[in-house]
Structure formats: structure tokens, C-alpha cells
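Here's the structure we're looking at; comments come further down.
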Amino acid sequence: MTQPEAIRLLLQAVAHGEVSPDSALEKLKHFDFEPVEDFARIDHHRTLRTGFPEVIWGPGKTPEQIIEIIKVMRDRNPVVMATRIEPNVYAQLREQIPELHYYALARICALVPARLEPRHSGTIGLLSAGTADLPVAEEAAITAELSGFQVKRFWDVGVAGIHRLLSNRQAIAEADVLIVVAGMEGALPSVVGGLTDCPVIAVPTSIGYGASFNGLAALLTMLNSCAAGIGVVNIDNGFGAAVLAGQILRTAQKLR
Amino acid sequence: MTQPEAIRLLLQAVAHGEVSPDSALEKLKHFDFEPVEDFARIDHHRTLRTGFPEVIWGPGKTPEQIIEIIKVMRDRNPVVMATRIEPNVYAQLREQIPELHYYALARICALVPARLEPRHSGTIGLLSAGTADLPVAEEAAITAELSGFQVKRFWDVGVAGIHRLLSNRQAIAEADVLIVVAGMEGALPSVVGGLTDCPVIAVPTSIGYGASFNGLAALLTMLNSCAAGIGVVNIDNGFGAAVLAGQILRTAQKLR
Amino acid sequence: MTQPEAIRLLLQAVAHGEVSPDSALEKLKHFDFEPVEDFARIDHHRTLRTGFPEVIWGPGKTPEQIIEIIKVMRDRNPVVMATRIEPNVYAQLREQIPELHYYALARICALVPARLEPRHSGTIGLLSAGTADLPVAEEAAITAELSGFQVKRFWDVGVAGIHRLLSNRQAIAEADVLIVVAGMEGALPSVVGGLTDCPVIAVPTSIGYGASFNGLAALLTMLNSCAAGIGVVNIDNGFGAAVLAGQILRTAQKLR
Amino acid sequence: MTQPEAIRLLLQAVAHGEVSPDSALEKLKHFDFEPVEDFARIDHHRTLRTGFPEVIWGPGKTPEQIIEIIKVMRDRNPVVMATRIEPNVYAQLREQIPELHYYALARICALVPARLEPRHSGTIGLLSAGTADLPVAEEAAITAELSGFQVKRFWDVGVAGIHRLLSNRQAIAEADVLIVVAGMEGALPSVVGGLTDCPVIAVPTSIGYGASFNGLAALLTMLNSCAAGIGVVNIDNGFGAAVLAGQILRTAQKLR
Amino acid sequence: MTQPEAIRLLLQAVAHGEVSPDSALEKLKHFDFEPVEDFARIDHHRTLRTGFPEVIWGPGKTPEQIIEIIKVMRDRNPVVMATRIEPNVYAQLREQIPELHYYALARICALVPARLEPRHSGTIGLLSAGTADLPVAEEAAITAELSGFQVKRFWDVGVAGIHRLLSNRQAIAEADVLIVVAGMEGALPSVVGGLTDCPVIAVPTSIGYGASFNGLAALLTMLNSCAAGIGVVNIDNGFGAAVLAGQILRTAQKLR
Amino acid sequence: MTQPEAIRLLLQAVAHGEVSPDSALEKLKHFDFEPVEDFARIDHHRTLRTGFPEVIWGPGKTPEQIIEIIKVMRDRNPVVMATRIEPNVYAQLREQIPELHYYALARICALVPARLEPRHSGTIGLLSAGTADLPVAEEAAITAELSGFQVKRFWDVGVAGIHRLLSNRQAIAEADVLIVVAGMEGALPSVVGGLTDCPVIAVPTSIGYGASFNGLAALLTMLNSCAAGIGVVNIDNGFGAAVLAGQILRTAQKLR
Amino acid sequence: MTQPEAIRLLLQAVAHGEVSPDSALEKLKHFDFEPVEDFARIDHHRTLRTGFPEVIWGPGKTPEQIIEIIKVMRDRNPVVMATRIEPNVYAQLREQIPELHYYALARICALVPARLEPRHSGTIGLLSAGTADLPVAEEAAITAELSGFQVKRFWDVGVAGIHRLLSNRQAIAEADVLIVVAGMEGALPSVVGGLTDCPVIAVPTSIGYGASFNGLAALLTMLNSCAAGIGVVNIDNGFGAAVLAGQILRTAQKLR
Amino acid sequence: MTQPEAIRLLLQAVAHGEVSPDSALEKLKHFDFEPVEDFARIDHHRTLRTGFPEVIWGPGKTPEQIIEIIKVMRDRNPVVMATRIEPNVYAQLREQIPELHYYALARICALVPARLEPRHSGTIGLLSAGTADLPVAEEAAITAELSGFQVKRFWDVGVAGIHRLLSNRQAIAEADVLIVVAGMEGALPSVVGGLTDCPVIAVPTSIGYGASFNGLAALLTMLNSCAAGIGVVNIDNGFGAAVLAGQILRTAQKLR
């Protein structure tokens, strides 16, 4: 039995009252995907399951592959996005999909609906240590906003000028979950973790030189933080931090 | 002006209606601490601020130091706990503080009230890959329970026998936040992250040999997970994972 | 005595019945090679000995050197192949050897006979975790096919969507040896190793970023797999995995 | 429906001719396991699936835990074995299970039937570079023998005295699969891989000092071997090498 | 000409007015040393040259060797000290040299004059992040005090409780040079470096676990500090930090 | 209350004699900063606090961002500088700010007053081991000179020709603080540290190849120096070394 | 007194019989050098002292700097050479110094006398494992030949085809010192070390990919060789190997 | 044909004048070895081939194994030695072989003839940087002396007190080959290499702490030495350095 047949049978069962919609939804979550030109299988139901669209990771894919995947995905997802898209790649994508929007600093391409408003409660506070960390911080910010979350940005609040951070402490304390982005020595999450009582997601960046070893120093700093309650993601992984922050806020909504 | 004076003035202001209790609480969060025999300053108000007690990290402290810190802390905190306490250290502590309870597998000592029941909503699902990972998994479990959270354990569900994990999928899906503990290749969080849509906290353990490099292999696996939405803590840091899970559930409560 | 003389004497001995053909073959396996312009010695009898042609590893060789080596090898080997050939290098090779075929995704150049059909029994199952791992996976696939083995491909079955893998389980189980290619966290071989009872060859790829350290994370994951019975090859070494898979199937044939 | 019920129903279906035995076997392979005192789930059907018994990895388990697991497993498996058992641990195990046999050099404990003869065709050739590598080599040898394979040992044939290796070349060439164990610089598999045309499994050991970094040097050597067709396992993982060798020989039997 | 002769001639020249005392002092700085039982050459004039006594580094020396070196040095130096002396080693030293004083937390043994008072102007501020960092911090403190400098200690002021640090800011600002000792993530020097305008010497400690890699994480953090003007010493090198701090204060005195 | 208002009130208080100038200066040190196009907050009072201008770190910033920051900073600082500026970036900066001076070897851009003379007492001795280390050494030299310190250069005095160093010993001894720049094996600071009694700042460079691992070898050498009293900065961090040297000399001035 | 004056006085003393020529030579060895445009100090007497010319290491120097250094050196040295010179750099050098010879494979530029014949006894045997290792091997060969030594080349004798090496054993055994160049797993020196009784100098190359980590794997292999009597130089350091080989042969000559 | 037969035939051929003694010796070099209790094969002719006895590397061997190997070897070798023998192991060996001599500092056991005098010309100069490096330095010294070479020791001449080294320069220059032993930053070989024109063998030791990473820092320093002509051996490998030095001096003898 092919998968489409299986889905049709399931939906008939729902129609006949033999299976409840809730139960059918649960089944569908782990069910369907279809081949795209044989080089990638897209999981359309992932949106149902995780609340985030299937996102295209740009590196290692040709512009042609990205275009084809976007075209398959756009029919079913309100928001389609691709990360780590360099400007020259975007230029090629735009020729085929003119309505594609480009967030240059975040290096994200997206198809977005006319109105994109926060549709989840809660706020993600986003702190970045230095100007050079902004591309990663914006990758997190745009990802969160495209996923329907409200974001509040605090840029350039690194620990070498601790007063910059402290003067924003009140505003930071109002966020429900914090993403803290820092390169070089990566100490900002430790200080923030000691100031707040909400979950902190730490994002090391590859900014630095010499003994930063492309972000290894910042990564180790964050993993060894003396402030408990910090979850770390991969170096430069602004996208993953936004997904985790979103899942935390969605959990909160479910618990209500 | 000394700190005690400052606090007294603040409380008088509250008494006179000049400062609201909420506002005073906010001020107190970043205020007081006192010296303990000159070797450690305890932050009594941390409980107010983060919802977790100040926890004593055992390694590098003499039994005498641990006893003294417990004695200072017990007057104000309902729950006092110390982590990474080896059996022989516990034996020394118990002589001075007989009511100290020892969770042998978790290597945690604690003073606990007569009745310790979950006082927060939400459930923490705790998965561990192998039998040898249990000490770290139990450190997370006991920490969460001592902090008032409900924990559901799924032991020995590593990826080499994927059916063990899949046969528990329904039960796992009911948790609000997951802590996934794994040593050796550390692949469990990736698989779990693809099955669920709640936040996943990954804890690498130092279990393994040879090219596991004391947990480095598992740590790198978790940081590079192809499943987005995973926050990683330090190797063997079951305690930190529990704190982060607790903060996520508390955030949910605040959002309500 | 020069080598050609030695070989001639050996063959005369065979002609005179003084040496049996089998015995002469055995001697020849460890005997002959000839200088090619003084920069590489080609081992023509390697095909006899291992069943695989001497393969040219492209990096670090000039197009001129590659052309010259191909020309020497083509006189005696039915299949001649060169790996890690970038498109611009191929363009130069083609000018001198127009009949050279290029497998672009696998980055392999080859001289192939008109009909290339599997001439060994058994099937190599080839799994790859993500789209970006395809160049390495195809290097393995093309190498195996050029060596006369039957290959069955399963692309994009990474662990973050475990149902993709499980829905192919029946087909995967029919392979006689598996090559599993994965970058990022490299967890796929561990899961596959738990599902099957045939030999598994794991190939880490350099796909990933940050703490993947150019494939080190995937490599460590595979070496530490909790599923026993997995042999690991170098990062991005699709070629070596195919050779090992081929040797395993040839061993099976010899045992019959 | 509990698992035992499910199995009973399946077997009844077989009895009634509704399900063929082959098909039922296939289903059982991914089916059953049972809790052992809540700390480990044993996969009894693994023997059916992989041809190897579930093996107990000693480190990180108390003697009591090992004894309990052995007792559960012995009812159904003809051979039960535990690896990495130090002599003092064995002494404790023997008190409870006097019939337990100890292979001191291999650090393996096992319950073995009265007659243990090779029950698979094919021979595993086992080479070790130095005297200090013997514990790892013997772990491989005993594992293979307990699993029913024939083993031929070649000890102390390291590359610094290449004539030792070459004088055994004829005998080595008769093996169907080779396991090559080496510490220090780990060069032996490269040389062996060039001499033979059967699959080679390389096992780095932690023998060495200084820049051997506990086996890292030997591991890297083996992964970078210029001889294609070598699969590498973790440092000191003699057990895993034996399992892989066994799976290769079983594949050969199936192909017949 | 032997060295004693050379020195005698030099001093005669001084006596005759042929060489000025200043000039002779300069010459002597690079001149004399004498063998001690053939296993170590002591540089008696080092005190003249650097203002610090020749210090005995304990590890790798037998108690007998340490005793012999102390005995040779004590005749000419007012203060003799040995670092990294474990309590059991001290017990052996004391039997031969009863007047040896032991600073247990700092693991330093020293022969000290009856009155040891600061004889240099300026103050060294010494900050430590956590209780477990105290042995290293005290090694620095005692070394500085034995060398005649005034030390002001600020213990347990780590960044996770930033208010502890800030409440001491005034006092810290009064120091002329700061030594900042921290393990785990090692972020304290970065924050301190942003708050002050005096030289900061950062000392990483090996305190931590897992991904702290015995102090590597803290070391990298300090080297990558975004606050310029921080000099880093080796992991756990409290002694070296004190020497550098002392040289800075001595430079200040010379400039006057 | 906005920050400008706060500053105005403070200055009025000074004008009215309510706050002393010294006290106001102290307050200002930790007070003001203003947003620049929302991507960086500049700390204008940092000059007051540390004696060094806020310096722009070039990498990761666009020429447009650098120009904008320079324009904001130039109104208040006598000297504005940007480091790690490649020639092509400078070409773009110069178009907008023609009076910008470029120190090509040091890769520093600066706005400098007509007369730039040392305004601090004391001399910084700058040693470099090889010709290839000059860019880093000059970064240190120019930074120090732009900050008002006197610099004396000793180029190409590496340890492989020890007589080159020794023949300059007298001149080197006259410096008040030394910066020692070396790549490859990085041994120069150890030798210099043994020859002098002033503070030594060691700067490893990324010059070298193979096992220098981009400066890691030199960095480790300097951290492990057997000569105590050496502070190490990050690889290639000539700027940071100059800042630390300057702070040491300023400390000396304050102590007077 | 300037250095030239010092040398003149020394030579006059020789002329007057006051200083023997031998003694003067000894003095001169540690005496003279002169500034070249202030960026490099050349040690003209190094040739006298070590028998090798001062060699210019190309990387990090501009063509102009290289030209200037060559011009200063050529007046006094019969042979002047520069290493690591890429073809485009050579093109620039040749315009100024047309008689400069370029060894393209070795990437060496040199001024050579009309006749360059071996002027030292003894032979250096040079083995390389693969074609891609030739640039490093040729750097060693040309350096040795330019220094007056006789070289015998054995190319492409890697361990994966051990018969290639063994068939040259007689010829190899006739060399007085061996340089063995190998990338990838770097096993060749171990095998050679076991076959010969002359000194072996091992040169790891950066040839390889993945877990070769740019030559680290080969380097560790060589350092851990089980064949004693092997000296290792830096990755890709063909030049250094040739210098060491030359010093060994010169020592032999002196001993005569 | 067994090996003994082969040898007998060879010797008969010599007796009959069919094979010259020289030629037979050459053949024998690669010929014979015999099993010792099946755990190690000893290469008796190695002495003929390399001039050094087969040496027993202690670690990983039981005292019983060592004793047995010594007993087999003593019948044919005038000198038998075992390295890395801890005092408690020696105590066990002495019970069985009372005439075994123990060099405690070098941790070497040896059977030595009544008179052990240098039987090779040339001198090995042995320098060590610090007292803690002596065990490694003595391992080299004793190995060389037991092999018949003359050794001259220079202890405690590390670079932090450069005058200690320089004052011995004349004596050092008289050695024919130098072994330089250093831990911590390992800079001594670079300085020595610049002072001398004989071959230098560098031995890093594991002495140090923190960022010395058990000798890695010293190893990297030596590999990156800016003084060409230095061969490096493994960390703590005093034995290997002595063998290499001996082979260099033997080469000199052969060249005569």
C-alpha cells in the first residue's frame, strides 16, 4: 500500500466517525513525505508536529536545488524560509521566485504572507555582545519572527562594558526566554544567567581570532558557565536557538 | 551605609506604604549576601530570584566547609542540597548533620522537608541511553524533584535498540520538557528531537572509552544535532539540565 | 637482473611446465610495476590481487600527471578511474582523453567499457543522512558500480526524521552490506547498526559547521557507536567505503 | 496490549498457518525486551537478529548489577559474556556464579557450553603488533571464538621488524577476514592492507606514551591509511572488531 | 679563569676605584652560580636582578633534593620559599628544617624572617571567582606577601552573582594592579577589565569538569577577552601572577 | 530620566559646588554611551577611564559602519584609531575621511593630531623574533605611540641567533616594560624573561606552518615559560599588548 | 667600538701572529651581522658556523624584501637560496635578479655557481611515499644538493605496496643517512627504520584529507614510531630535514 | 623449509666459498627470530643490524614476562636492558636475576659486563633544562653508555638563566652530537641549535602543568624551532634519542 492510499483511508475513517480528528492528527504527524527530484524528502507534516516550517539549510545545495525545494514547500506552508543564503545566491533565487524576501544581515530568504504578526504569547529577549555578532543574532531574531514570536533586541551589551548591560536590566527581565549571542570570550550568558530567572539559550559565535579557534573558546565558556540553567547550541547557530526559544514558549502555551 | 542598614530602611519603607511589596521584592533580588567564615559568600535571596536553592557543588571543598555552608543555609531555605558527594564524604557529613539524606546513585546529599511534593505544574521527561549513564540522569532527576517538579523516567532507551525508544513514544510525548542523557556517541537527543515538539535538553556523559575522550564525542554530537531545538549543557551536568528544565516550566507558569 | 627479465623467465618456466599457472599468478601478485615519467610507479597487478583497479587520487596532481597515468593504465585495465576531480580539472582531462566519462556529483572521472554490468553477487545498500552528504555518498556508489557491484541507494534518511528511515527498513534489510554516510552529528550508523545484522561501514562527512570541526564530530560519533559491528573510514572517504564493501562481498564469493 | 500477549497471538497465528515462520521470525526481531530490576532492558531477541549474544559491558556497572543481568540472560542464551572485567571484579562474580569462566588476558567472563566449537565457516586472522597489545587482541579473539568463529592468531608482527610479518604472509593470506591490532604508531593495518585482498578491520590500542595521546595517534594513522578497504573501530575495541568480522563471515554464508 | 677569581678581580677593581659600584653590580647580575650536588645550579644573584628569591618548584623533586636546595639558599636569601608542596611532603621537610612555615591552602613552604612587612609601595588586589579557586589565589597572595608586597583579597566574587563584584567596586578600584583568579568559564577577568583602568593579570584554574578540560576553557576565555589590557598566565599559576604583579609595582618604583 | 538629563544634572551640581569635580569624574566613568545607528554603542567616557581611546576592531564590520563610528567618535576624542584594516578597506575609508592616516605594516588607520608626542613617562621596549612577525609588532608599536607612549624597537632578535639578542642587552635593559613578539616556537619571551627584571608581555603570532597550528605552538610556549613574570595575550594581539603595557606605565605614574 | 672595527682588529692580530687563525675563526663564528634596511639582520658568518648558507624563508615577506636580502647576501655567499617561493613570486624576483634559478617542484629559488658538485662525502637517501609528497621531498633534495651533498631519490615507495620498498632495499641500505617523506598515515619511516641501521629523519607532509588534519596524523605516527632512532621534523619541513642530514654527514667528516 | 635449515644451508655455502662472509652477514640481518613462550618474538640478529641490543620496553608487561625475555636474550647479547622499570618491578626482577643492575633515576635495569667502556669514537653531549627533566635525560645517558658511547652531561642549563648555558658553550661545542632534554616551554633546543653546528636531537618531557598538556607544549616548540637541523623524538623518549645519537656516530665511523 502506498502512502497516499494510507492517508486517504485514514481520512475516510475520520469522515465516517471511526477515527477522531485528534487521533488522526496524531497519526499524521509521523506519516507523510514525498520525494523531490530524488535528492531530498520533505516532511510536510513537520509544521503540524513542531510548529516550525521545514527550513532549508543553504550550504552545500545549488541554487537550483533550493528553488525546487521552495516550490514544493510553498504550496502547503504559509511561511517558507532558507538560511545561510549569501547575497549572490539570493540574486539567483530571486530570478526564479521574485517574491522571495531577503534579510541581508541575517542571510535568510523567505516567502512571507502579507501580514506577519506575532501569533504566540510571550517575548524572546535577544542580547548580542558585539557588533560583529549581529549576523548570528539577526538569524535568530528573523527566524523567531517568521515563526510568529515577538522579539526584543538588545545589541552591543558585552561584558567589557558591564554598565551597558546593567542599564538594560529592567527591560531584559521582562522577557520570558533569553537568547544570548556572543563571540570572543563568550562571557555574556554567564553574567545574564546570574541576573535573571528565565531560561537562557547561549549562542557562541565564530567571531574572534587567534585562540578563539573559530568559536571554540566561546563555546567552552558557555558550556562551563557557573550560572546553572543555560542551554547551549552550536557555534553560529542562531536558527537553532530561535527554534528552542519558540518551543519553550509553545510549551508554556500548552501548559495553560 | 552597610547592607543590613539598607535592607532595614527598605523594609521600613514597605511598612510605611512608601514602597510596594512587589517593588521591594525586586530590589531584594539583587541585594544581600553574607560572608561564611570568609571562604564563601552565600546568596540567600537567590531562591527568591531563581526559584532554586543555592546548591553546594561538592568537589574542591572539604567536608568541614560543606558542613558549615549547609548550617548557614538551612536556617532560611526549606531545601538544601549538595551535589557530587562521594559516599565517603557523605559519611563524614552525616556525623555532623544526621538528618542529611543521601541519594547514592545521584551522589546528592539533601535536607528535605517531611513531605516533598511537586509544587509546579508540568512534567519533566527524563531519558537515559544506557545503564552507565544513570548517575548523571539521577542527578538531574533528584535535583528536579527536590526543586518541586514532577519527573517521569525512561531508562535504557538508547538508539542501538531503536524499538525500545519507539515503544515509549506515546508516554514520552506527554512530557512538557525532555532531558536526554547519553554517553558514548550521544545520538539519542537527535532522534528524540525529531520525534517530539517540546524543548529538549541534551546532557552528554563521560561514559565511553577511547575516542569518546571523556564525553567530548557525545558533546559534539549533541551540539551538531540535525534536529533543531536542542539545548546542550556541560558533560555530566545533570544538575544544570534540571535547573534549565525547571526554569522552562516556571516560565510557562508565569505566562499563564 | 631487471624485472622484465624476471617476468619473462617466470613465464617461460610456466610454458615449460616447470611452474604451474596458479603458482605463477601468486608470484606475479607481488612482482611488477613500472615507472611513469619517474613520478609514480603503477602497480598493474594490483587488479589481480585486490579486484579493484589502481585508482588515481586527484588532489595534489597536475592535470598533465593525471593524463599520463591514465594513458599508461588504460592499456591493461578494463576500468580506469580518478577521484576528487573538480569540474575545471575534468575539462582539461577531456581535451586529451575525450572518451573520459564524468560523474559530476561524485567528482569521479572514468574510462568505462560499453557495457558495465554487475559481475559480483550481493547488494551494497547505501544510505545518506542529508542532501549535502550526496557527493560523498555518490563517490561510494559510483566506485562500487565501476568495480562491478550492485548498489541500492537510500538518500535523505537522517535520524531527525526517524520515520523516513523506518519506512525503508524492509528494503534496507535486503542489502548484504551497508554503507552509511552522514555529516553533522553522524548518528545514522548507530541507528542503522541496531536495526540490521549485516556489516555496516560508516562514512563521516565534513558537512556541518561550528563544532562539527569539518567532520570530526561525525567521526567521533561513529567510532563511539553503541551498536557493535560498525567499521569507520576517514572523513569524506566514500571511495574507501566502497572498496571495503566490495572486499566483503568478494570474501563471501570466495567462501562459497 | 502487553508485549507477551502480542507474542502469544503471533505464535498462535503461526500455529494456524496464518503467518509463515519466516515472517514471524522477522517480526520477532524487533519486538520483545523486558525490564531487569529497572536499570537495564535486555534484548533477548538480539541473538536472533545479529547472531551475537547481548554482551554486558563491564565498566560503570557494579558486580551486583552484572550478576543480576547474567542471571536473566543465561536462561535463554547458550553463551553469555561480559567484557572489561578486572580480576577483582571477577572474584566477586565467581562467588555468585561459580561456573563463570575467566579469560584473564582478554578480561572477559563467560558462561560457555561444555563443547564450544566453530559453527560458522570462514577464518578470522588476528594480527597484533606488540606484546602490550595482546589484551585488546585477545578480547577480539575470545569474542570471536565465543561467537562460534574460527580464529588464527599472529602475535608480535609489528612493522619495525617487517620480516616477521612477511614470513607469515602465506598463512595470513588464507584468512577470510583480518583483524589487525596495533598501538603506538598503528602502522600495521596499512602494510597488511597492501598485502591482502580480504577485508581488514583495524583496531587502534591505547598502548604508547607521550604523543600517542592514549591511542589517538594509532587511530588517526588507521583512518588515514593509504591502503583502501580498511574499516576502523574505536580505540581498544577488540570486541567491536570481532562482531564486525563475524557479521562479514555471516554475510558470506547468507550469500551462498 | 674560574668564576670566583673573576669576581675577586672585579671587586678589587671596585676597591681601587677602577670600576664604579653601580657598574659592578650590573656585571654581577649575570655572573655567578654554583653547583648543588650536581643536580641543580642555583642562581644566587637572581635576587639582585629580579627582586624575587629563587623559588623551588616542588613537583618532580624528592624531599631530600628540596631540603638540600633550601639549605644552600638560606645562607644568602632572607626569604626562601617552595611551591606546590603537599602536606605529606611538608611533614618530611619539617623534620630536617623545623623552622619551615607551611601555608596549607597555598601549598607553600617558606623560611621567613621574624618580621615580614611590606617593603614596596602599591597594593595588589586579588580577586577569586569561587571557593574552589582559593588554593591558586592563595598561592598568588602568599607569594606576593613573601616578596614584600601588600595584598588585598576579594574572595568569591564570580560573575554569576555580579552584584557581589559590583558591591566591592570601590575597594577594587583602589588597587594598583589586579590579579583575577577564576576556573570554570573564567569570565571574571573580562568583567573586571571593563571596570578598571589598572593592569589586570588573569589566572585560569583547573577547577571545573567536563568541557572545562582541566582549565583549558578558562584559559581560552581569558586570552580572548574583549577587554584589552589583560595579561594571562598558565593554568593554576598563582605564583607567576604574583611575580608579574610584583615586577609591575617595582617598575613603578623605578620610574619615580 | 534619560542619560543626557542625568549628566546635565550632575554637571550643575558640580557648578554649584554640591559635587566635587573628582567625584563627578568618578561618576562619569561608568555612565554614558549613545546609540550609533543602532548597531554599536560607543563608550565616550572610556578614554577618561582607561586612558586609551575606544578603538574600532575592523574585522566583521563594513567600511560604512567603520566610517560612521569614526565620525561619531572624532568629535570628542583627540585620537581615533581602527585596527586590522586591510589596504582595500582603507582605500574605501579614505574616500570619506581623507585625513585618515594609514600605517600599512601595522594595518592601523588613525586620525592623529598635528603633533603627536609622548605624554607619558617610561619607555616600552618592543622585541620581535623574525621579519614575518613585524605586522603584529608594529600593531603594538603604533598603538602605543598613538596612546602617547615612547617606544623603542628591537627587530629580528630571535633565539636561533642568540648573539643578536645579547648584543642589545644593555639597550633592552633600559626599557621599563617589554613587549616580546614571536611566532614559530615562540621561545624569545622565555629568554628575555630570564635576562630582565621588568614586566614582560608576550605576544604569540600566527607565523609558522605545520605544527605551529596558526600560533598555538607559540602561545603554549609562552604560557609555559620557565621564566616567571610573563603575561601572555592572544595570538597576533599586538593591540592588547600595547594597552597592557600602557596601563603598567600609567600605574607607575599614579603611584608617584 | 663598532663591529667592523672589532673584526679589523681581530684580523690584524692574526696577521701579527698574536691570534692563531683557528682561534680567530672560532671568535668570528659568534660575531658579525649587519642591518638590512632595518627589517632583518643577516648572519653572514653562519655559513662558517653551520656549513649552510643563511636561507630566506619566503612566506610573510614581500618580493621586494626578498630581493633586497638576496642582494646583500650574494656578495659573500657562493650559494644563496630562498624557500617556499610560489611561481608568481618567482616571476617578480626574476625581473630584478635574472640569473636566479627556480626549482619549480621544490619551490626553491637559488643563485648557484656554474658548477655545483658534491663537496662532502656520504650519501643522503631520500624516500617519498606518494606522488603528492614530492614537493616536500624535492625541497629536501634540492636543499641538500645546493649545500654540497649527494642525494639518491626513491619516489613512490609507500607502505601500501610494500614490495616497491623492499625491491629497493639494497640500494637504500647504501645511503649513510635517510630522509623519509610521507603524508596521510605517515607509516613509511617506521618500516624503513626497521630495515636499516643508519639515522632516519622523518618528514610528515600535509598531504591527506579529513582526519589527517593537515599532517597531524602523519606527525603523530612518526613521533610514536615503534622503530627507535628516528628524528622527526615539522610538517612539510623538507628544508629542515636536509639541514639535519647535512649536519650528520659533516659530523662524520669531523670525526675522521 | 624451516628457518634453522635455511641458516644452516647458508652457512655451509659460506664454508664452501660459494657465499662470501659479507654477503652472508647481509642475508642474516633480515632472517632469524624465535618464539618466546608465544607472546613475543625476539630478533637476535637485530644487534648485528643496528648495533643496539633488543631492548625490553617495560610498561604493559608483567614482571614474569620481562624475566623470561631477559633469560632468552642474555645467552646471546653482551648487554641486555629494560626501560621504564619502576622500583617495585625491579624488586621483583632482582629476586629471579640477582645480577641485574638498576639505574634508579633512569628507571633502567640492565645486565652489564664487568667492564663497560666506550667502544665507539665520538661524544654525545647531553643537556637538560631543569632538575625535573633528569629522569628522561638519564634514560638517554644510560642507554647511550650501555650501548658503548661516551656521554658528557650538562644539567640544569635552561633558557631562563641563559648565562648558565653560555658559560658552558665551549664544552658543549666539543660534542659530536647533542641531545637536548626540556619540559615546560621546551625552548632549550632552539637556543642550542643556534649556537652549534652539530646535529641536535630534541627530547620534550612531560614536565610542567596546566597548558603544558603533558609535554605537548614542549613538543610543539621543538617541532617549530626556528633553528634548522633539529630532529625531535616522542615526549619523554630519552631512549629513542640515545639510539638516534648512536646511529649518527656509527654512521660517522662507517664513513671513515
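By letter and in written order, the chains are A, B, C, D, E, F, G and H; residue numbering begins at 1 in each of them.
Basically, a contact is a pair of C-beta atoms (placed from the backbone, for glycine too) under 8 Å apart; a residue touches a chain by one contact, two chains touch by 3 or more.
Protein names from UniProt, one per chain: A, B, C, D, E, F, G, H = Nickel pincer cofactor biosynthesis protein LarB.
Small disclaimer: the values here were computed from a predicted structure and weren't measured.
When the partners of chain E are compared with those of chain G, the chains appearing in both lists are F, H. Taking the mean of the C-alpha atoms as each chain's centre, chain E and chain F sit 26 Å apart. Chain F and chain H have centres, each the mean of its CA atoms, that are 49 Å apart.
Centroids of chain D and chain E (each the mean of its C-alpha atoms) stand 54 Å apart.
For chain H, the set of residues that touch two or more other chains comprises 30, 161, 195, 210-212, 216, 219, 223-224, 234-235. Screening every pair of chains for touch gives A-B, A-C, A-E, A-F, B-C, B-D, B-E, C-D, C-G, D-G, D-H, E-F, E-H, F-G, F-H, G-H. Of all residues in chain F, those touching chain G in their complex are 131-132, 134, 155-157, 161, 163-164, 207, 209-212. Interface residues of chain A facing chain B in the complex, by the touch rule stated above, are 30, 49-52, 55, 121-122, 176-177, 195, 197-201, 219, 223-224, 228-235, 239-240, 243-244, 246-256.
Contact residues on chain A toward chain C in their complex (touch as defined above): 3, 30-31, 33, 38-41, 43, 46, 57, 59-61, 65, 204, 206, 214-216, 219, 234-237.
Taken together, the chain H residues at the contact with chain F in this complex read 129-130, 158-162, 166, 184-187, 190-191, 193-195, 208, 210-213, 216-218, 220-227.
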